[in-house]
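Shared between the two complexes below is chain A, which pairs with chain B and chain C, respectively.
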Partner chain A sequence: MDDDLAGGEGSIVVAEPASASRVRIPDRLIARRHRILAGLLVAPTAGWTLVFFVAPLILITVFSFASENLVTFNVSFGWTASNYGAFGGSLYLWTLLRSVGLSLGTTLGCAVLGLPLAYFITRQRPGVQRILLACVIVPFWTSFLVRTYSWVNLLQSGGPLDRLAQGLTGHRFEVLYTPTSIAIGIVYSYLPLMVLPIYVALERVNPDLYDVAADLGARPWRQFRRVVLPLARPGLIAGIIIVGVPAMGEYVIPEILGGGKTLMIGNIIVSEFLDVGNYPFGSALAVSLMTILMIMLFALRRVQPALEAR
Partner chain B sequence: MSFRRHPVAGALALVVIGYLWIPILAVAVNSFNRSSLMVRWGGSTAHWYSLAFHDHNVRAGLVTTLEIAIGSTLLSLVIAVSGSLWWRRASPRARAVYDALVYARIVLPEVVFATALFFLFLKSHFPLGIVAIIIGHSVWNSAYAAVIIQARLIGLDPAVEEAASDLGATPWRVFRRVTFAALLPAIIASGLLTFTFSFDDVVTSYFLGGNSSSPLPIVLFGMIRFRITPEINAIGVMVMLFTVTLMCAAVAVFAIMGGARRGRRGAFAEFYGQ
Partner chain C sequence: MSQVSRNAGDSALTRRELLSRGAVLGLGLPTAAALLDACGGSSTGKSSKTNSIAGTAVMSNYPAWMGSHVVADFERLHRGSKIKQITSASSSIAGTVQQLKSGTYDFALADASATGQADAIGLVAPLDWSKIPNIKFVGKSFRAGFPHGIPTDYGKVGIGYRPDLVGEKISSWHDVWRLAPKFSGKVVFIDIDRDCMGSTLKYLGHSGNSTVPSQLKACRDALVSIKPHLQAFLNTNVGQGLQDGSTVIAMDWDYDVAFNKQKQPKIEWVFPTEGMVAYIEGWIAVKSSRHLPLVESFMNFALEPKQYANFVNTTGTAYVEPAATPFVAKSIADNPVLRPGLAVANVEYEHFLGQATALWTTIWQEVKAA
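Here is the complex of A and B:
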């Protein structure tokens, strides 16, 4: 994904010959001045990222191999893998599996809902497109916490959706504080992040292509499968990354819609750090999550060129 | 039949847009609902708004949130603008490292990042509080700002700056009158965007706030978890109106200040790595 950026059109050679000849400063001095300037420009971002992003991640990785005496709170480094062992043999493994399942399921849910919507938007007139896009983006700007909380009201037993389900089907719809309500909340919150990249991918497509497919006799479903889906693929994969990765570490949604009963790995990490205070074990959980996500990302990056080549 | 007006696609699109909007409408309706159980409509009242207005924690939280949002936005802009200007002339290898770190700051689950930074501050005895939150927010906010500003830089033809320089402008003047002027819409837009993200953040603030300073989302989070009250809906409506106004301002600035098409579309494209 970054390859595009790296080879972008913005790269230019350091010293402009025109100005150099006009001011008549030796090239060596200009080059040096540019190096100093470049150093000054990169210093804030490099310093900030290294100290407050890279260093903390290294710190928890190191600590995840340490062990803590739970009585004295003394931390000793023996390069032990026991934190990971404790993790593997415990109930937490189920939580991790549930997180992976919820992440995959909600990403799929976002794709199933987002793809037709993104396609539908690109097929409208420009004015209508803008209104529909605003309908997708504006909810994303409003308070995430309040929107998630709203689902508690909507999903509670005796609430609007429960009564609607009873009226329509005769069955009750009591899903609050279950994995289902967490999934509804996650899909709801992350959907715009799936719709936008797919929209960007499909928006570049010449609409005549669809008409050609129709003229050649492709039925709507076949048009969708053979034309729309392959064209949407780069956007779809970008959406899968940007939804699936953060969703797996979700903390707030399971906290509110899981009612403290159904948890995800993010909740366990938070409680290990803030409530229990077992930092080495909490670190091991965080590092495990990070590792799983990195593996998934690399797998997706490998898949992407292969898919695009087809 | 043309797929363009295919009823299934249209119906699905409407249902999905409804899905996105119903919770927001529910918050708005319940903020006027006299019934505090919020299961049924119990007549209208403005009680929850006055309750929210006079809630001391909410007011203090709002002030803290604004301080944090302004601080982290300014910090993020300095980091993102200088970094992007460097990025423009960096070697491909250096750019790849920079891009990877920007990308990582955006996709890494906030829980992992927040615990790690919390732990670093704990071990280095850095006091938790407003300053710690501002630092935390600026780490991911500067990545979002960088993506938007870089998209704008890519669209800026170096020939324009060369022309200015050929016409006798000093390097500083070229930067001020050409480069910075061209970047301004992106800077304003990303400033407003990062402000909103900071304004809305829960996880990083939760870890780095310590015991003293609770920004508004943390106050709300506490209310949601421990006592369900319709006051939350009233606060929610006001917060939503505020952020939506800000974001509309961001879009308007981007659209009005020229080059909007390429800028905005470029920002989307860059953001999603295409």
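Here is the complex of A and C:
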């Protein structure tokens, strides 16, 4: 204790009022205090993650190797891999492929719509930008369920879009309860998640670059392809991840807009937990889906530097 | 007191009720009614000893699936007792069983399939029927179909259609399968395995509770064959499209067809010639309950014809208590779709399928994923 107070090499001298004596705090005490402070700061987040993310993840993984009596709902932990074997059945593989297809298609749809929109917003005056960004975000203030159900009214036979299509083309637009209506619902719901990261990427770009490209003779499309697109790429990749991952596991939108005819893997997982009560098999499906997504993310991460460098 | 209530033989209770009210109003002693109840017996079993039914019984229920004043009337009659409803009732067997296992509930709304499974696991408390004499008002077939608790409502699965748009009369499930290609995209089926597969099994000439694998596979094939022509599998507002004609044929519940028919009189209900399946729902007591006397007392109270009629008038459901007919709204009581008696002929009630439940689930998922 005396040593600590006596100070010496590697200590800090703390200036005190004239009446007080000078106190030296050694580095190791400061380091210890920093560690404690850092620990206190991290503890809530770490605790939250541990309890609500890591623990359920471990629980689900353990459950995925268990078996269950579907009459008594008693789970026995015999460490069986049979749940993963059942996942290989054509029913689940076909559903998984459908989910991958819909997820890729809707992510592409979000990118195709989101990139020009984000670019358009960044080209406006700051005040207009704020208004347009608010327009992108405001729908998030409404309940997700309400927004999704509103599409039932918009897409239903005899609804506004059907009447508009009949008026313009003479053909009906009856897509409710089809994979198309699911795709429309997913693109609509996730579009802001694509627009915002692209906007952030493009908003940092010096607008003079566009003028330089124009001065050098680049037409608008060439400007977009050679200047805007490469600069937007980091935001685009972030958007693809943010949209693609949840879209893959989506189950509410297919439930409401799919009319129970188009199952995605998320619907089967929910059904196993809530309808069938087969927690081990539901867990195995969830772990499998998570593994597939992680593989896809790692693959994307590996090619990301190459994509950004192009 | 009505004719029906007198038939229930509760004249002694009426006197006691009057005494209770007089005590409460005249003496201003809120506990007097409870004391009177506690001192007196009940020939109807309407209430046993009030001190034993005091407390709070927690019920798992659907939203608004209770008579508008049933709970309030009961709590007014039995001071110190409270019925707390949590609107979490699940339409799935697994969901119901998990809820009963949670220890949160004293009694629950459940269908016969879920009740059967819960009973198989030992989650259902046997009821003391001497405390629930009003069970005698319930039709015998409903009591047989829902043996572990008090039946409250049922729903037949039949056909709703628009004769003006179909252009011919539909009388059977065969007609539905035959006409589906002609009206492709305008046919709706129910999105619940027991109802949809049960009806399809009827179409194939089998029991709606079949556990025979070959019959269930035939059921799957029949559903997969008609699926391309279906607009959707729906579990809410199934027949809503019949109103505007966007749906012309619907496999639907009786109450839903009756509801839509009020708004579109051109809708017709069909009792298919092959027969129908029907679910029965009711209340069961949970074995872990510490308020069984309160639960039984409330069950008995809710079965009083006037109180039961309040439930029917509030929910618009098909009802199981013929004795309640005089108090049921004419729009329901005079509706041949909903009125018990005429309607229950040729109906097979859904019941617990045992180990075959898993096979049903698998086949249903195969249908949905096809």
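The rule is simple: the second predicted complex is superposed on the first by the 254 of 310 C-alpha atoms of A that agree within 3 Å, B and C clash if a C-alpha of one lies under 4 Å from a C-alpha of the other, contacts with A are read in each partner's own complex, and residues count from 1 in each chain.
Basically, contacts are C-beta pairs under 8 Å (C-beta built on N, C-alpha and C of every residue); 3 or more make two chains touch, one makes a residue touch a chain.
All of these numbers come straight from a predicted model, not from anything done at the bench.
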Per-residue contact with chain A, leading partner among chain C and chain B: B
Which superposed partner A:P116 touches (first chain B, second chain C, both, neither): first
Chain B versus chain C as contact partner of A:G282, first or second or both or neither: first
First (chain B), second (chain C), both or neither touched by A:Q156: both
Chain B versus chain C as contact partner of A:L274, first or second or both or neither: both
First, second, both or neither for A:L145, with chain B first and chain C second: first
Which of chain B and chain C A:T95 touches, first, second, both or neither: second
Interface residues of chain A shared between complexes with chain B and chain C: 156, 158, 274
Chain A to chain C touching residues, read off their complex: 70-73, 91, 94-95, 156-158, 174, 176-177, 259-261, 263, 267-268, 271, 274-278
Complex contacts: residues of chain C adjacent to chain A: 90, 92-95, 97-98, 101, 117, 120-121, 185, 191, 227, 230-235, 241, 244, 246, 354-355, 357-358, 361, 365-366, 368-369
Chain A-touching residues of chain B, taken from the complex the two chains share: 1-4, 6, 8-10, 12-13, 16-17, 19-24, 26-27, 30, 38-39, 78-80, 82-83, 85-86, 88-90, 92, 95-96, 98-101, 103-113, 115-120, 123, 135-136, 138-139, 142, 146, 150, 153-154, 156, 158, 162, 165-166, 171, 196, 200, 202-203, 206-207, 217, 220-221, 224-225, 228, 232-233, 235-236, 239-240, 243-244, 247, 265, 268-270, 272-274
Residues of chain A touching chain B in the complex: 1-2, 4-12, 14, 16, 18-19, 22, 34, 38, 40-46, 48-49, 52-57, 59-60, 63, 113-114, 116-117, 119-121, 123, 132, 135-136, 138-139, 141-147, 149-154, 156, 158-160, 188, 191-192, 196-197, 200-201, 203, 210-211, 214, 220, 223-224, 228, 234-235, 238-239, 241-242, 245-246, 248-252, 255-256, 266, 269-270, 273-274, 279, 282-283, 286, 289-290, 293, 297
